[in-house]
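Two complexes come next, and they have one chain in common, chain A, joined by chain B in the first and chain C in the second.
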Partner chain A sequence: MSKKTEQQGLFAAGGDAKHNGSEAKLAKEPKGPKVKSDTGGVTAEAMGQRQREISVSEFFTKNRHLLGFDSPRKALLTAVKEAVDNSLDACEEGRILPDLKVSIKRLDGQDDKFTMTVEDNGPGIVKAQVPNVFGRLLYGSKFHRLRQSRGQQGIGISAAGMYGLLTTGNPVRVRSKPGKRSVPLYFEIRIDSSKNRPIWTDKEIDWEKDHGTEVAIDLEGEYRRGQKSVEEFLKLMAVANPHVQLHYTDPDGNVTEYQRATSELPKEVEEIKPHPHGVELGILIKMLQDTECKTIGESLQDDFSRVGPSVAKEICGLAGIKPDTNPRRLATEHVVKLKKAIDATKIMAPPLSCIAPIGEDLIITGLKKEVEADFYLATSRKPVVYRGRPFAIECGIAYGKPGDTLEMTAEGKIVEVAVKKPNEEALMGAADEPIRLIRFANRVPLIFQQAACAITKAVIGTNWKNYGLQQPRGALPIGPMVVFVHIASVWVPFTSESKEAIAGYDEILDELRLGLMECGRKLGTHVRKGKKLANEFKKRNYIETYIPHVVVALKDILKFDDKTAQSALANLTTVLEKSRKL
Partner chain B sequence: MSKKTEQQGLFAAGGDAKHNGSEAKLAKEPKGPKVKSDTGGVTAEAMGQRQREISVSEFFTKNRHLLGFDSPRKALLTAVKEAVDNSLDACEEGRILPDLKVSIKRLDGQDDKFTMTVEDNGPGIVKAQVPNVFGRLLYGSKFHRLRQSRGQQGIGISAAGMYGLLTTGNPVRVRSKPGKRSVPLYFEIRIDSSKNRPIWTDKEIDWEKDHGTEVAIDLEGEYRRGQKSVEEFLKLMAVANPHVQLHYTDPDGNVTEYQRATSELPKEVEEIKPHPHGVELGILIKMLQDTECKTIGESLQDDFSRVGPSVAKEICGLAGIKPDTNPRRLATEHVVKLKKAIDATKIMAPPLSCIAPIGEDLIITGLKKEVEADFYLATSRKPVVYRGRPFAIECGIAYGKPGDTLEMTAEGKIVEVAVKKPNEEALMGAADEPIRLIRFANRVPLIFQQAACAITKAVIGTNWKNYGLQQPRGALPIGPMVVFVHIASVWVPFTSESKEAIAGYDEILDELRLGLMECGRKLGTHVRKGKKLANEFKKRNYIETYIPHVVVALKDILKFDDKTAQSALANLTTVLEKSRKL
Partner chain C sequence: MAAKKFIPQPPPKKKDRGPLSDLDKITLREIKTCATDVHGEIEKLGKPELKFPDRSLRNARYDKKDGYFVMGRSRVERTLSVNTVKSFAQTLKMMSLSKELIDADDFATKREAYYVSKNWDEAKFDEQPESDATMDDIEALFSLEGVMREHLRFKADEHGGKVAGELIVLDRDRESGRQLRIDCTGFGSGAYSIPSSVEQLGFETKAKCILVIETIGMFERLSQHNYWKSAHCILIGTAGVPTRATRRFVRKLSDSHKLPVFAFNDCDPYAFSNIYRTLKVGSGNAVHLNQFFCVPNAHFLGVTPQDILDYDLPTHGLKDVDVKRAQDMLKNDPFFQAHKEWQKAIDMMLKSGQRAEQQALAKHGLNFVIDEYLPRKMKEISKFLP
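Showing the complex of A and B:
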């Protein structure tokens, strides 16, 4: 039996030579001479010649609907979203209050090509990393760290640049200044999709800024306002991120300013080590191979969170492994035993410092900022742990207004106010329409694939009739209401790379349901009060409508003069109002 | 401005050094000294230190639900599916009638760990490629070729191996013999997920076989029969692949033999060049950069399908580019013009030799093999082209039986037959249940995510009431029926890497609808005939039920003797039957 290292095997077998040299030829000679087998088919040798690596960029170019670039309209929004997410992550990690400028301009006056620009005041990116960050898929700092962030895959912004290149042929342009004393640089970056590597030029420029990054991408797109638009995305971003100041210019030159409502940055999140209960056998094997610790006992304490000397001893004891065993010498069957021992041991939940929920007050601040309503409430649930990974569910509700027509004045009078039709941009619909659900993961609005999302399933699965709302079977409830749901986690399980919907894991669904029920109960009290108000108004209306007619009749029958009639009217009204115990 | 090549940039910037050396340290020192900025946050330099490549295997380990490994039950099926798909592709490319052995065994008697083995009689895999094929994601021969095949991504079987390693710690075992005169080899392969490269051992073995491959994977799984089981997948595979012989052993040792129903291999598919109308700007730029042709005119004719000298001239003329221009010297703005000229030029549709639909006869053969019904029909639509890529839609229907209770005998008598309850494994449900929809893409059954699939949308969107079936609003029709739908294409747009559902592109939905309507019309005739039969039976039943009573009454009133009564009964029955014009 010959044992090979990875390198030997690969190069000896000529695997990579193929990748570098002959692939272009192969693709170009589909009708070249085939090595035919006895059965007239292709031989293993001929098939082997065709085997080669597929770069991750080639894969996603062909499958770009997986990344959210399936239609020009969605592509424009996805590009803006990826750039904004990166800017906010960078600002927060640098502990800088984010100040963003977003603009969309028509490219050379064309209606189907746009330039999207996002500029931030973040810490900037060092020269050596700019090309990789913008010109290479699956490259970044967030994937391997257990802490909450918007980005998690290292795909998004490079994918946007790749789509731009594909549809306009133009490179991504980046300006970056990583600190006051740094020289600002300008980059033009193209991704080489067959190698998943950047090709770029850079030069020094002048840039009046202390620090920050600006990215500009030309891309095929479709610009439309209304639902699922860039405007909607920014508005929702502002709801979940009240600490952000953002200046937006649309293709027609209209400017919208999203004002900061708090100068409090989200809590700084800390990276945690993997929790033993969330580690699978294969990962455990790998961690023990890679550890720098000399003994199993040390490794358990150093490489994992929440394992102290006594817990480490307990685990080793259960597994029947001496704590001073060299972890690299452990056979698979012993790691299997170790894994079983870990699962059987009680270990404290992981630290929650790795996530930063928004909090009830700021959810309400955010909702008030962007949704006109007459009642706001929020619930921020305590973080829980799912497979060793902490996550927290937060819900908020904005209720009433555009469809509501009654108000009680300061003097306790109920008056009818003009019905306002919700405008195109308003988040809340009319009173007889389904409620508006707004979904967020790690403070990023989720715009597409609402039906496929665990959040939607949880909202539909909640019985809103209990809280005074109508709800058709298997559908969202009806009413003038915006429901806000946020999941904050070190790892959000999305249903696809485009991060549009959350996968329906049971643990997440359970927490979602609890959060929604908590909000629902608070809402119920308010809705019932509103209904009482409406009934009141209806009854009082009856009195005001009919009593004058009764008095006219009395006047006729009893020959009242005008003055007596007036006082009879007043008396009757008072008596009736009183009898209703107002 | 400094121009850099990809390599210089990467290594000069120290990008890869990070990847190789310091990443382990970084992950292990989350609380190490941070370089703090003035604002107390992390500096660009500190962030840059953390940037690194994410290997595609790491990405999919963390996101394995994207590949179909989200639950133990699904994982078992997905692993079998990927191995069977690969075996069938290899056999067909080698022009060998597939003869497969599939087995699932409990691993060391455990109820949650299994060994899945798939053995084929295909052309085998050459020594140098085995480790890459089974131990590296995004590696294969099918991604870059425009021709129909089951696999298309080079992910599946390596992902199954990776999941096996993750959950059991055991390597993938492969036996391969690429031809009669080759020495059979045995491999044990582990994927190194941080590098997406295989680590393996190999040795020579004895194997009584002319040629073939066998793969065995240990993995965490859940074995259950019934819906969405391995058995169901194999049954459906047999429907769409009547040329396959397959021997299956389940964990309890039960053997099922799926018999070959035709010895005709699917048509050999040919690789085609990209069609100009399906090529996007970015791809066009890249093709012109990479071409071996010396002029634009040549490149258009050599690198694309369906472009001859006159079409090439027309395109160049429209674009205002001389046909003898060096393609590598073309500026982006000129390629933009070329692209516009291509789109404005009429070009013959691409050759259809790249796809191999099943055909109406074999669809019916396949359905008859696995579905008991009394009426079969099929429609194989002519291939059409979507973005330069040919695809064909095929539909089939198996109607009636388990719920049907009436039959007409050879003498024209209608008799009631015993109602058969469909068994657990039967594809067809009862008469009062929704029809059973079976979906296929390039002859592979699609088991999961039915609701998210374009095929389902098209079936629900068809008005089955027109064809005599009940259909609740927005749902599948009701009836004893199996609907078979197949899409054959050089590139099937799946909604995720796990290839479970087809994305709803308009062109595909349109063709699906047309195919289903064609089937529906043929079905309608049959269903109406069946209804007539049922009515007939009901009426005849009335005569048989009531006439004897009438005769008894007549006998009383008219004092008939028994004989007269008998003849009266016969006469009356005959007259009534005649009056119904039977």
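Showing the complex of A and C:
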């Protein structure tokens, strides 16, 4: 990758001013006008003395909730999630089928302190980068690229490490082996929160593994099973990532193995340059400042996707700027004109090859693996674009609790299917409860803030009554159903850094709606069939209740023998059931 | 000590009954034919069905010559299906019960039959109207062969009417079989009560006519003051709509001695249609029975709308239901449609918007009805409403 594209990636990716702070620092500029000292207030000079740079690490130490560490229970889950995300991203980028081992142990037998360990068989991390990856916030390979991946900002795992250090005083421990022939290394890393720099020790160790990374963090947490638990997260992860084999050990030593259901890795995704329609003014200014191109025309063509000579010319013409102007010399007002011209110009949608959806078959595979149901379906929408960024919506449905259902045998009899007992983390609710909605962004389960999420809004906004389900006004529909929704994008618009809810851009809401409707239509056919069968079962039960009375009455009047009665009963049953059409 | 729980025992075996009567034989034959048809259809793997006559006014035809409502050809088919399987089973069970009753020479009242069904598990009737309707269906089905409910050994729970006057009823003592002669003049301050089954009765009388009275109050007045003596009539009090037994009694009595029948009712739509019309030509619901139960030679003595004017009777205003009923009578009832005189009378009542009770005659003195009204009316029998 050339330096140029890296820069382009950097500027296009940041939608948020916070992420654009150069070298990951948030700086308060000294304020302009002088404060009146005669009012008895603090003078500007005095204020100026107190105004200084805040390190990102310090900022997040004070605002840990922004990263998902607001409660001990959530902290434990977030730490696992960040470590697993990193491992999976690394494995997939290295084209390795992920084999993960996750364990949670009580720290020295304490009930509120845990050691969380995640080990992968990924490509490992080179010695020089290990301390930075785990001991420095906003350090990573993903933020600067327009590419679909789980992690986006390079905050997660180091924030988890920082939280661990803060609550237990223990350093993050990392084992890494980047290749078969390289020497495994062991690191102990602490983050210097005022400088946002790692402090570490490392040594060579023995580790019988071809390649991979293991991270262990001690942290304050609360372990509880059920909803919003680590177990649920891993189960959901397994749904959306059927190519992952995961071995999990809980604090009580119980082992759960989430089996790999496909050896097909997610499609390798390409990076793309930012699309002009997705670029905001501030970023545009910055891009033009930093471009290596000599003219504005060249810059438009080289730094953006889908801009050829004719489109570049059209934009410049509309903006009233000569194409051979030096981009660095453009005044802000001209950039504003340029931005307006870009928005007014028709530009081909960005290439969609950067999106790797899960695919209908694998969604169904994943659901079947982890959710017991008697009917599965999935819809994978074609990628489209919001604000110049490609994304794709995928929906899946697992419907009906096995055991709640009736089946028709080859002989035309209707039988009840035997009931199975659900386990604690069963995703499927009861028939009279709201459906379970499971949300995913780039294959990562979204556990918290369901109500604030655009996905939830889209599910509620869909009229499920059309598909044979009950739905209270303004709420999730009722029924034994799990709805799976996945958004895959080069840049998922989360509502906050803890990546819990999707922002409701119109394009995204539209796609969600269409995807859910497509699933709903398929579901409706099935639900109606099931209802019909249930109705029929009731009627046949009714028939079978009264047929014997007909026969007994006839027997009493005509005084025929039991054999004749038996045959009459059999005939009557056959006639009534056969004559009923389904 | 706790009371012992009752454990049902099979009924003791009855001593053999006497020979079956011809009617019983016909009834049994009909029940068996019906069951055989159903069973045959089942053996053929077909859908059995029962065809019941349509018991409603829609299916009633009024023939002036016959003098009563005749059942039309409309039939209700009940094919065995999900929706009908319960009532199908109940109908057959009810027939089976009827056969049992004939075999044992016993009977069951409608209410008893309803309670018998409580032993039919899921096929039991929840409410008596359901079992009554099933009974009526079977009766209608067999009425095509001349079988009545009484022949099926089902009896009404309803009271019979009261009788007073120059009449001797010939009945039979159930135990000894000896003939009983019941003198209807000899009940003092009481009256003879019509039994629920009247087929076995005979009559001796010298009376000239039968007076059927709607209210028991009026009946008592006329019987206590021995009006029957002076008018040479038999008084029958119906207390509202005459029951089947009362209608049959009046019919038999009228037929046996060629006695004219005069109805003395209130002057309102209910008295015209539900009481008088039912007495004379029968009802829609029992259209299959009318040939036995109607009294075609009945005539309406009063109180007529014209009487209200002639005798200046105190009145009440017609209620909405009365008006509706009267309009319905003109529009849908074949009997009233066939008689212009009735249409005129009803029109007159609707126009005045007034109704009057029998007792309103008391305005002119308690015995005005005996001393003035009835004698005056009886002189103009030809003016009675048909």
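The rule we apply is simple: the second predicted complex is superposed on the first by the 523 of 582 C-alpha atoms of A that agree within 3 Å, B and C clash if a C-alpha of one lies under 4 Å from a C-alpha of the other, contacts with A are read in each partner's own complex, and residues count from 1 in each chain.
The rule is simple: a contact is a pair of C-beta atoms (placed from the backbone, for glycine too) under 8 Å apart; a residue touches a chain by one contact, two chains touch by 3 or more.
Note that the structure is a prediction, hence the values are computed from the model and not measured.
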Chain C versus chain B on the shared chain A, clash or fit after superposition: fit
Partner chain in contact with A:Lys539 - chain B first, chain C second, else both or neither: second
First, second, both or neither for A:Leu576, with chain B first and chain C second: second
Chain B versus chain C as contact partner of A:Pro309, first or second or both or neither: neither
Partner chain(s) touched by A:Asp556 [first = chain B, second = chain C, both, neither]: second
Contacts of A:Asp290 with chain B and chain C, given as first, second, both or neither: first
Contacts of A:Gly320 with chain B and chain C, given as first, second, both or neither: neither
When both partners are placed on the shared chain, which of chain B and chain C touches more of chain A: B
Nearest Cα pair across chain B and chain C, whole Å: 30
Residues on chain A lying within both footprints (that of chain B and that of chain C): none
List of chain C residues in touch with chain A within their complex: 31-32, 35-36, 38-39, 42-43, 45-47, 80-82, 85-86, 88-90, 92-93, 95-96, 99-100, 120-123
Contact set on chain B toward chain A in their complex: 1-6, 9-10, 12-15, 23-24, 26-28, 30-31, 37, 39-45, 47-48, 50-56, 58-59, 61-63, 65-66, 70, 90, 92-96, 123-129, 131-133, 136, 138-141, 143-146, 153-154, 162, 165-170, 178-179, 192-195, 197-203, 211, 268, 270-273, 280-283, 285-286, 290, 292, 302-303, 332, 335-336, 452, 491, 493-497, 503
Residues of chain A that touch chain C when the two form their complex: 539, 542-543, 545-547, 549-550, 552-554, 556-558, 560, 567-568, 571-572, 574-576, 579-580
